Amino acid sequence: MINVAIVGASGYTGLELIKILINHPKFNITYIANSTGNTTVSTLHPSLDGVIDMPVEKVDVGQLAKVADIAFLALPHKTSMSFAKELIALNIKVVDLSADYRLKLETYEEYYCLHEDKENLKHSVYGLPEFYEDQIKNARLVANPGCYPTATLLALLPFVPYLDSKSNIFIDAKSGLSGAGKKLSDMTTFVNVSENMFAYNPFKHRHSPEINEKVLELTDIDANINFVPSLIPVTRGMLVSIFVTLEDICDAKQVLKEFYKDDEFVRVKETPVNIKDTSGTNFCDIFVEQNGNALFISSSIDNLLRGASSQAVVNANLMCGFEANCGISKIAYVP
Amino acid sequence: MINVAIVGASGYTGLELIKILINHPKFNITYIANSTGNTTVSTLHPSLDGVIDMPVEKVDVGQLAKVADIAFLALPHKTSMSFAKELIALNIKVVDLSADYRLKLETYEEYYCLHEDKENLKHSVYGLPEFYEDQIKNARLVANPGCYPTATLLALLPFVPYLDSKSNIFIDAKSGLSGAGKKLSDMTTFVNVSENMFAYNPFKHRHSPEINEKVLELTDIDANINFVPSLIPVTRGMLVSIFVTLEDICDAKQVLKEFYKDDEFVRVKETPVNIKDTSGTNFCDIFVEQNGNALFISSSIDNLLRGASSQAVVNANLMCGFEANCGISKIAYVP
Amino acid sequence: MINVAIVGASGYTGLELIKILINHPKFNITYIANSTGNTTVSTLHPSLDGVIDMPVEKVDVGQLAKVADIAFLALPHKTSMSFAKELIALNIKVVDLSADYRLKLETYEEYYCLHEDKENLKHSVYGLPEFYEDQIKNARLVANPGCYPTATLLALLPFVPYLDSKSNIFIDAKSGLSGAGKKLSDMTTFVNVSENMFAYNPFKHRHSPEINEKVLELTDIDANINFVPSLIPVTRGMLVSIFVTLEDICDAKQVLKEFYKDDEFVRVKETPVNIKDTSGTNFCDIFVEQNGNALFISSSIDNLLRGASSQAVVNANLMCGFEANCGISKIAYVP
Amino acid sequence: MINVAIVGASGYTGLELIKILINHPKFNITYIANSTGNTTVSTLHPSLDGVIDMPVEKVDVGQLAKVADIAFLALPHKTSMSFAKELIALNIKVVDLSADYRLKLETYEEYYCLHEDKENLKHSVYGLPEFYEDQIKNARLVANPGCYPTATLLALLPFVPYLDSKSNIFIDAKSGLSGAGKKLSDMTTFVNVSENMFAYNPFKHRHSPEINEKVLELTDIDANINFVPSLIPVTRGMLVSIFVTLEDICDAKQVLKEFYKDDEFVRVKETPVNIKDTSGTNFCDIFVEQNGNALFISSSIDNLLRGASSQAVVNANLMCGFEANCGISKIAYVP
């Protein structure tokens, strides 16, 4: 058993980390913290009453380092890097669920803020296991991907080599409301969301440069990414539609099947994917349909699991020499 | 007052027609029918108990022609043309909400079935008032547009002249469940739809050729339409995302504003449109955002009103010499 | 035409008042205000863009009194009475949608706060038209009932004379989220409400003494009211279940039908009532079922209309000598 | 490992049984069947694609008996007893999720149909572990309780001895739509259910005699049960409100805590219970509030788990000598 810490226990991804790690066969939660401390897990998350009764501490890096070997940071960007820096210095492995170590320095500083841990940024590994498994196994610091980039990259990357390089890539991404976090806002009330749907920040979301950068890094192609996110009246889940134009006609379904034939957490589907079949799991379901040189690629993930916490635990599994699927759920919440 | 008949009173669009016409200042409902008859409006639609107490007859064209001057047909395709043919012969004006008179003969027969009223098909007018107002005013038979084509054409048409003609046009259209009608299906149960979303018939929906044909007819451009519809957990409403590539850079927001400056039922919005702001109205809200040569155009309509019944009444208003907005709601159901 | 003012334009009930009064045949909106002013109706409520373009002023009683003859106050309690007092002094009729004039002084001060307009409180009339029509017609100040009391009293009052006076009356009332207003709270986010349901303030809600007091006033019976409200994942609407024990067996369905035989806004139903059939209307639907000496009485209203704004306009109609139903919708939003 | 069979794999409770048993540490699924066979689990339930790839057979009792020691029957009533009878004869233990063995013969035949396995009915044990644990441990045939009775009995039974025996017991029970099963109906479409709520079969639901009979059996008190079920726009979950009148005033919160102090799957809560905190688990959460001699008792369960499949596995655990909680989830799906 390896001892693990969770920093940032109050939000949805912190809750999901706790839920996964409670039953993990090889990880043992020894430390849970948030920004205020002085509470318990079941006070923060009443559904865990009678399940786990650990205290939630005010985060203290020295304390953490005494009792854990690896830490999950489920914190806002900027806050995260200050803790990560200290933890790495104390020889604690880190899986960071924030954006702080996902991007190149210049990109990060353009879209977020000044970076205060440039040294570790150089060595961080992007935690998308289908593409960075070997690096993750040797990483001390893994930057867990954003939810939109996870669903988008897994669907898009197999096709990048076949695309007409001058054409636009259009991404119409729909997220459930848990993706917006717990912060109160007029936008996320039940009255505003139920029986409604709307785009937000079209072409301007900060997950767009994350997608761009990884496509370039992995394919050497500077793609014309046009990313539009929307909110749908769903709590948990994400459905991404990608529209691209092929340079050479390929058998898209066959390309996809071949690409993921050895990946247990990507399912290539014969019929359009839906949100419920992946909700509660680490699966990414992908479907593709062709119309002449046009492709519609659609992917579905659970934004809190494959888009955050279960992917983080897969990364931790790999970093600790365990099987990728150790303690990871494949059983959807459906119905 | 002009006397009107509604044929096809059982479905959602029939209900909406009744709701609009009850309070219409210039139309007087004199005849309501469905395929079985022998019932009343408030038996079919209990919400109208205490509001309207008319009998619903088994449809009889002769009977109808005695008491009404114009008929709304809210019927399945194929059924609709048999009645339309007889009604036109009896000199009754017809607004047909089915697909029977929307398409050219060859297109219709490719996507639907053999056409049994070719004569009237030649003279039917497509009931999209922003583009066919003059013809509608003189029509005896108006083919009311489909919901997806209404929302798509209104958003797309202003930009067609500016597009790169070789690039694909991608349409990601999301419909509420009332668009699927009342027929029972595993796909439309609450358990399957709530907290879910999925595409259906990607690139193969029958509203796709309707869009194609009208774009060609109105712009002389044979566009590369790629249409993907989805269902979202919403009862009423439709949100369409259109992704296109410009040939020449234009000021898209300005193009849109200029195009619709005289149209009272199209609202050009500065922020992304949503479903609730048009639900209950005949408005089509449109938003556009630009990213280099890429455009995201988004439109919202009430699929049962602007996408069917209120647009039908606007058409009837024009056919009868009334103002387009006579008896048409602009007040959304929100919240 | 009578000129009307709306004070409190920002909330849901303010919006509903505007939506009703825009189309009212005998009222003319001349003044709209909220606490800050300096905005417009369509800025506050974007769905009304292109429909009404009035300014929203910072509330000024003197200004209001120059341009309107009757004012609707859609304000929080306490705020409301300060304006009502001044308006009455200026000879403006008032329909107050807050709790400020609904209760006897002692009850009010026990459940809310000190009352600062005791004089007008003495003369205020409770605006439940089925029971206070004559007084409303002569009132200068009408206290519009709460949503829970409206649905509860209309269902309960016909049966009070038949009840076993020693038995408890149990009320299990479910409200849609618009009833909680626009104030942000963890309780009212989409994530917390969707796929969820829960009671709140059981036996302690401030609408409970309102029900008690009116039952006593109208029947001289001091009933044992036990009121439990819940939130359901619905935006608009309210469903109330009442459980009572009869002293003498009566034909409950007949009692109900007879009681409301002349009331156009109460529908006695033969099958269990639902939320959608009243949503968008001023109707209260009521159903009763009997099991020995036990009764289940269920009522449905639109919490924002019959439970607030349309009932307020009915009251204003009566105060101004118009028909109760003038400009009041009977057509539900369904589907 | 004990080999288990699931008969009735197509419905929601069949799916939940599969989901639980896939990961159960002591049960091994060796046989899955439905009425038609000739399919696979992942064809019936696409979310299990890549998770389990067993065939689904046309049910054959002889075949089943060769490969399994215990069978779960997730079948409609009447169908269930024909298989149970044969299985018991072949010495297979049975957990029956239908109503066939829950009631006394006369009650069953009054509310359901003629009973065709009277012999086994005599020996069946009601599978509510908190009350029948010892009998379950020795049972060959367990009748798994209905969802409404589970939530109702767990909340009501602690208080029955304290109630005024002449007063009515009122139960206002709300169920999510998965409780209505997969059969298509106008009542269960998304359009009818979303933004809606309604009672059905008030005082006449077949779970009412089940509650009656068990209260009498366990307390010797013939209670005046008045049971009204409703559907709420929720997929999974159940919230039951019980209203009763005390004979002697007791400290209700203390009574409840004391009653369940040793039961790991009942949580007595200090604040009103909600659906999400039990969804995905075998927990029953209970809350009680007092108002003079009136009590409001509220309980929440997952209708498909504690109300069906996870309770069935708890029963199987007990029948096989395992710990009650073996393989049973306590981690809710929330958010």
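Residue numbering begins at 1 within each chain, and the chains themselves are lettered A, B, C and D in the order written.
Keep this in mind: contacts are C-beta pairs under 8 Å (C-beta built on N, C-alpha and C of every residue); 3 or more make two chains touch, one makes a residue touch a chain.
Predicted model, so just to flag it, every value in this text is computed and none were measured.
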Maximum centroid distance from chain A, chain identifier (CA atoms): C
Superposing rotation of chain C relative to chain D, computed on C-alpha atoms, to nearest 5°: 180
Averaged-CA centre spacing for the pair chain D and chain C, given as whole angstrom: 40
Interchain centroid distance [CA atoms averaged], chain B/chain C, Å: 36
Chain B-chain D separation of Cα centroids, rounded to whole Å: 46
Per-residue overlap in chain A, given as positions that touch at least 2 other chains: 12, 178, 191-192, 194-195, 233-236, 276, 335
Sites on chain D touched by chain A in the complex: 12, 15, 19, 22-23, 45-51, 178, 194-195, 235-236, 264, 267, 269, 276-278, 280-281, 283, 304, 330-335
Chain B residues touching chain D - in the complex, by the definition given at the top: 12, 177-178, 182, 184-186, 188-195, 233-235
For the chain A and chain B complex, residues of the former touching the latter: 167-168, 170, 172, 174, 176, 191-192, 195-200, 202-203, 224, 226, 228, 230, 232-237, 239, 241, 243, 245, 272-276, 279, 287, 289-294, 296, 298, 335
